[in-house]
Every structure is written in C-alpha cells, then in structure tokens.
C-alpha cells in the first residue's frame, strides 16, 4: 500500500505539493516525488491531481466470515455519579441512524452501580436494548474495571460498531479497549456514516488542524470503534412510549483487577463554562493585547446573556483558562451568534466555531481569515467597536 | 564563506527568540518607562546559562562560542535594547577581560561566578575628561605594600551600581602615558569604592548607567589584571570584542523595528489599501530590510573571525559602524512608516529609535570606528 | 527511578496559515517543535529529577530522521538519554501501530518505573497512543494528569475531568499522560544545547534494532485506513460592514434583530 506517481502523466504542476498536509512531496527533475518517511497515505494528493498522475493503493474491505459474525451498533452510555452524560444522548441519536441504515439493533452499554433508572432513559432516547452491568466496583469509572467489562462483553456478543463519547473519560477508555481487542479506533469524529454497499462505518474527522477532513475506515477489524466529539451529533427527541429490553449481564470483576484507585472525586468550584449549550458566545483572541481585554468581552457576553470563549492563542498566553477555548483542541460550538473579537481565525479555531448560525468578526486586519467564515465583519479596533456594541445591545434589550 | 549557522547556533537562536518573546518583551515598555533595572530577567538568564555563553564550562560558562553569544544579544535587543546591553556589557566587558588576561585564581574567583550569572560585571574606562581620548586617564593607582590605592572617578558606566565586579583602569605611572595604565578587578564592596550619580537617559532606560567614585579605594595586589602598565592594551582589545556585542545590539534593534513594520504595513489601511501596497513605502522598506541583512553579515562575520582566533578588530569596527547607523536609520524610518502611532509610547517603535541612538556613541563613536578602520587598513 | 518520556515532533500549527487566495496551507517557514503536551511530560520528569536522586530520563520518539532536533532539545532541557526510532517501515502507522512500535522500543529500553506521554499531539489530537501503549505494555494508566506526587513506589495524581478532577493512586510501573495545567516547561539552557550536540548522542534504532516484524508496524499493521480526504468547503464570506463607528454597530444590530438572532 503506497502512493505512486505515474511519471508519464505528471506535468510537474505542483498542485499535489500544495495539497500535501505532511510536506511529503518534492519536485525532482520536474516530476513529483513522494518522501515515504513523511507520507501517511492520506490521499490528499490524489484528490488534488488534475492529470490522474497519482495512484493511492488502498486495501479494499474484504467480506470474510470472521467479520460477518459481528452484528449491531453499541453506544457507551457514560454516567458519572449516577447521572447520564448529555453526550450519551447525542451518541444514541447518531447510533440510531447508523443502526437503521444497517438494519440492526442499537444497544446502549451501561456500567455502574444501582442506576436502573438510567436504563429507561436510554430506551426513551433511542436504544433498542440496554446492556446493563451493575456492580459495586463499577460505581466510579476506572480504566481497568471498565476496560475489562466492556472487552469481555464485546468478545461475547460481537457488535460491529462501538462508539464512545470523546469526553476525558471516553478518551481514556476507548484506546484501552481498542488496543485490547486489537482493533482500530478513530478519535474525535465529527461525522459518522455507513457505506451501505460494504456495510462499513465511515468515520470522518478533521485532520491537520481542521484544514482537511479525513474519512477513515476500519476494513479488517471488528468492532469498528470511534470516539465522537461532544456537541456535534444531535440527540433524538425523548419518546416516553419507546420500549426496549434491559439485559442485566453478569460480570466477573475483582478488586485486584483494578490497579488505579479512585481516592476522591472533586467537583470544580469554579463555574463551569458551558460553551457547548450557549446560544451566544463572545470570544477574544490575541488581538485583545492583554488579559484585561477579557473584561470587555465578558461585559458584551453578559449583555447578550451569553458566555465567554477564546482562541487557543489567548489560552496559550495565559490570559484565560482552557475551559473557555473554542476550536480543534477546545470545544466545538454552534451558538446562534458567535462574535469573534481580535481573533485572526487560525484554522484550528475555525474548526470549532464555523457551524455557528451567525458569525460576527471584529478585527483590525481586513485580510484576517476569520472574515472568510463570518456573516458580518467589522474592520476596526475592537476596543472602539465593542464598547459601542455593548451600549447598543443594552439599549435594544431595554426597548424590548 | 559559510553563512550557515551550526545546529547549536540555530537552537540558541530559537531559544533566545522564545525567551525574548515570552520573558523580555512583556516588560520592555515598563522598564523603559520606570527606568527599572530588570533584575528578574538577569536571574532568569543566569538559570539558563545565558550569562556566560562564550566561556568554557569549567569556568562556569555555557561552553559555546562568540557567535552564539552575539545571536543572544541580537535576539534580546530585537524586543528590548536594555536587556541586550546588560548582557553585552556583562559578557564582553565585565567577564571577557578576566577570561583573556586573568590568572587561574582570578578566573576561579571572579570569572566563574560571572559566567554563571551569580555576579554581574561592568567595565570602567571612561572618565569625565577621557571619553573618546581614553588615554587621558586621571584615575590613579598607587602600590602600597600588598595593595593598590585607587583615587579618581569614572562616568557613563553601563551596569554601574548593579554590578558586583568592575574592571577598572587607572594610571600606575603617569609619566609613561598609555603605557602607564593598568587594569584592576574591583569588587563592589571594596572600601573606598562607591556609586555616584545614576544617569537619566534618552534610551536603554532600564539599564543602569552610573558614575563610579574611588576615594582611597583599597584593591589587593592580586587583583591587578594582567601586568602593570598593560592596561591600555587590555582596554582596547576588550573594546574590540565589545564592539561586536554592541553591533549585535544595534542589529537586534533594527530587526525588531523592521519586524514591527512588516506587521504594521500589512495591517494598517489608508486610502482603502494596506500600507504594504504603496510603492513609496515598499521602497523604503526594501532598503531597510537589505541594510539589516547586510549588517547581520558584517556582525556575524566579525564574531566568526573572533571564534577562529583570526584578527577581527577591523571587522568589529566595521560591524559596529554599519550596524549602529543602520539601527538609527531603520528605527527612524520605522517611526515614519508608523506615522503618529510611531511617535507615541503605546507602540514600541519610538523606544526602539531612542534605544538605537546610543549604539552610535558608546564603545567608540561612529567617528572612532572610522579612525580604527582607516588606521588598520592604511597601516 | 527510571523514567521514559515519549515525545513527538510536530509542525507548530499555531503558525500555520491559509493562503487567502488559494485556500491552501502555507507551510513555508512553519517551524517544527516538540508537541506541547509532551513538553509538560518532559518537564514533570525533569522536576522529579530535580527533587530526587538517581532519576534517569530517557526520551523516546518515533519519527523521521529530522526529529533529531526535538531529541537534542530534550537533552538540552536536561534529559539523560535520547532514542530516535526511525524506519521507513513505520510510515503510515496509525495510533495502534505507533503504540506497538513504541512498545517494542520500550521493551528494548527494558527498565522503567514511569512512562510519561503528552496527552495528545497538536497535529492529530487523538490522545490514543498513550493509553494504547499502556495497554500493550500491560501497565496501569492515569491520563490528563494535572498534579503529581510520588511516595516510595506509590503514585498519586489528579486527573482532570470536564467538571473537576479525580484523585487517583496507583503503583509503579505505570504510564501517565500529561496536560498543560500540570506545569510550566522550562527552557533549554544554552549550556545544555552545546552539551546536547557535543557531548551527548541521539541513538538511532530501526525496526530490526527493536525486533519488530514488518507485520507489526506501519501501514500493514494499522487497523484504520484513510479512505478519503477532502477540504471542508469554507463558508462563503459574508458582508463586511463599512466603517467602524456608531452607525456600523447600529446597522449590525438592526440586521441581527431583523433575522431574529437577537
């Protein structure tokens, strides 16, 4: 499997060089040449070539008896202290769609202790079946305990797809499970779909800072596993009339299986910044010039009844804590109105906010990339514009 | 001629750029405004072995070379001329003479803590009546048994009042003229040594520039640096090296101003297009960028000559002459490009222009550099 | 105490810009750096070395020969030993193949008490290699570490959650993944830079050296494959409102209220 340049077709136009996210193509004697140390076989060059001079050899998924033994879609239902995480509902919505396309059952896998009430909730939000592991040692999440129980269940029941929310816990658990099952795992997906012909999962995620999207498949291993970015998928409307099966599974778990002890769980005293659910977000970036600038940002956010976001540059500068960060490495948000102040629009920031309903950018630099995704742009000094905006918003709210 | 930096030098450059951006730039405007010596920066530089870059590890240094040290001064000066000169005066003028002329005991006792950054160093040659004409020293040192007694005063001493160790020049035999000058290592706590007036300056305002006063100052005999009567040679050779440091400071200031222009010209719009699109400014900018690069080659070349133990006095003088005049020209034009914003303290440009001027004056004025260059070439 | 720190050299994506005309990545002049979270991992190891005697730090990376610079920088920061695992056979490895390759390298290193990894790399953001390496080595893991204490053979760590943190304890040997909140990485020292190049070496190990078969690494052993990549269609540019005065702001709010957005 590799990328091949068809030298007779290559015109040396350099389009592939520009398209390569990994700097793996050079021109040698007027023809493209692949540096295989850097090439990841991603195929961006193939798509860019106008002369069909690039061939990416790929292995096709072969239907084998072994793989067809796997059936059904599983969603990991994450709960903390007996409360279901919101993300789990989003996963159920997405899982339902996938299961329907495949014509198979959707199961929620629920681990915990004495949380029977959650089982009904999972069914109301779309699960056909709840695989419920009720055990004292599963009360709190532990890597060892949860990995053991879930891998045993997978080996026994053989689902074809297992999706897990990309929360801090999900991202601790999923790679551990996939490694133990010797299967593939695609991180932080923003889109899932089914290739109905081949019956395989298409897992799409932003790559290279969101500049390209990559669709990833797991052709020869089962289950196909993904973690899914919270806030991206849509949950179903609750349907109290939905019926389903709750399967209480017997599990074999001993204290000595768990090598990391949970001594304490501390809820953060600081107010949680709920960017994901916010209708209005006002974000500040490096253009603020100093940490005090966020006071102004907060004032505008308060006037709108929204919350404060930030770019990674502002977080890296230590101006604001990381829980405010929007973007590839921060939160993905889709508020009604997103106001970017002094944010140039580095691609990793755009990746986290470009699905907002309405984007407003305020920036000194008219060429800032943020303007390319914004619905409305104001070129100017945010320290002049934002105070006026605050006044006008307040006035408008009073008039209403 | 090889203009490529070694991997070590590349990494020093990357390190100094990051250090300067994160630790030095954020306080540059404040220390200028408040005339505050950035003691905290000196301590941080000591922690990362930046205070003795060209000296061997055994002597407390980083085991590096002159060019790496020069790059450090350049990168610091790019964001803050003050910090650049503190390092330059300390390394080239305070520590280097001991490295070159000191005894093993003097190196152990003084160079080591200087190179480690535990002590800060300074250099006292200039007097009220002996500026460019450095031979006209009036400070005198008289040997009395096991010690010298020094009387007199020095002015415009960089790092004065902040330093722990001073290289001081004084007449041990007035009748012999320049051959009667000797160099001494003076600790700040020696009896009879005090700090006089601290100058209020136009630029490099965070650095300390002071008067040094010697009244029956007792200096142990073993603190004589080099031989008696060889002080003038020590001073001149030290200044040859120091000039590369000041040239690097000037280069850094010029590069900093140029970088500000690059940013501003793309951002600022007039008549509906960015400044970068106006040919009049493009030509000005192109000249600035070209001179900065030319200055860099002169400065690096002088440093490499020194590293290769080749004669470098002419190259150092050329580097300092050209780099300092480039710094003045580039910063002046940078203010012009920035218009009104270039003139106000909210932007760093006017500070860079004020900082640049001194590089044409200290460690030999531009006129002295021309004397040196011509004298060496017309020999 | 023997520590292994796994690092990755990455392009500084903060410096990556898009060409406004062509919409393509401007890669020219984008510096390669040590991944941020990995620097926190190294810093934590160095702090343990400052605090306790007999701490030995090995920095390990899998990457192309150019990753040498990242290892030299680690040495300049204070690491004792540096190993670059590099082989054309590793190309195209997904996270699981990478983890398996690192496992082979760690087994060759042999003796370790703690393995530190950064949580995730800024060019991939998967956060998978650390836990997969822990699984492959059969080690207990604590991810998202924001605070660490060592007492004898015991490790006590705070693990960040979205809404707080857990206090976790385990025993060495173990694998920990670190995040920004854990510490403030130090700079290299200038002395360290010259030592890194003049006195220390970067060991180069290929597939044969770590005794990994070609079925266990690279594309062939990666369960996931990239089927397709595409450029997300950027949202079309909206309206630039002229001016930046009061009228402009009023106009903006009028448009928002017209669309019932406010």
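Which chain is which? They are A, B and C, in the order written, and residues in each are numbered from 1.
The definition used in the following text is that contacts are C-beta pairs under 8 Å (C-beta built on N, C-alpha and C of every residue); 3 or more make two chains touch, one makes a residue touch a chain.
Source: prediction; values computed, not measured.
Per-pair counts of C-beta contacts peak for the chains A-C. The innermost chain, defined by the distance from its C-alpha mean to the mean of all protein C-alpha atoms, is C. Rounded to a whole number, the gap between the C-alpha centres of chain A and chain C is 18 angstrom.
Centre-to-centre separation between chain B and chain C, using Cα means, comes to 39 Å. Averaged C-alpha coordinates give centres for chain A and chain B that are 53 Å from one another. The residues of chain A that reach two or more other chains are 366-367, 379, listed in rising order. For chain B, the set of residues touching two or more other chains is empty.
Across the interface of their complex, chain B is touched by residues 364-367, 379 of chain A. Residue ranges of chain B in contact with chain C, taken from their complex: 6-8, 11-12, 14-15, 18-19, 47-50, 53, 57, 61-64, 68, 72.
Residues 31, 69, 72-73, 76, 186-198 of chain C touch chain B in their complex. Those residues of chain C whose C-beta lies close enough to touch chain A in the complex are 11, 13-14, 16-18, 20, 22, 24-25, 27, 64-65, 86, 88, 91-92, 94-96, 99, 120, 122-132, 134-136, 140-144, 156, 159-171, 174, 180-181, 219-220, 222-232, 234-235, 237-241, 243-246, 248-250, 252-253, 255-257, 259, 261-262. Only residues 1-2, 18-19, 21, 23, 36-44, 47, 58-59, 80, 140, 143-144, 147, 167-169, 171-172, 174-176, 178-180, 182-188, 202-203, 206-221, 259-268, 272, 304, 312-313, 316, 322-323, 328-329, 336-337, 346-348, 350, 354, 357-360, 366-367, 369, 371-381, 384-385, 388-389, 392-393, 396 of chain A touch chain C when the two sit together in their complex.
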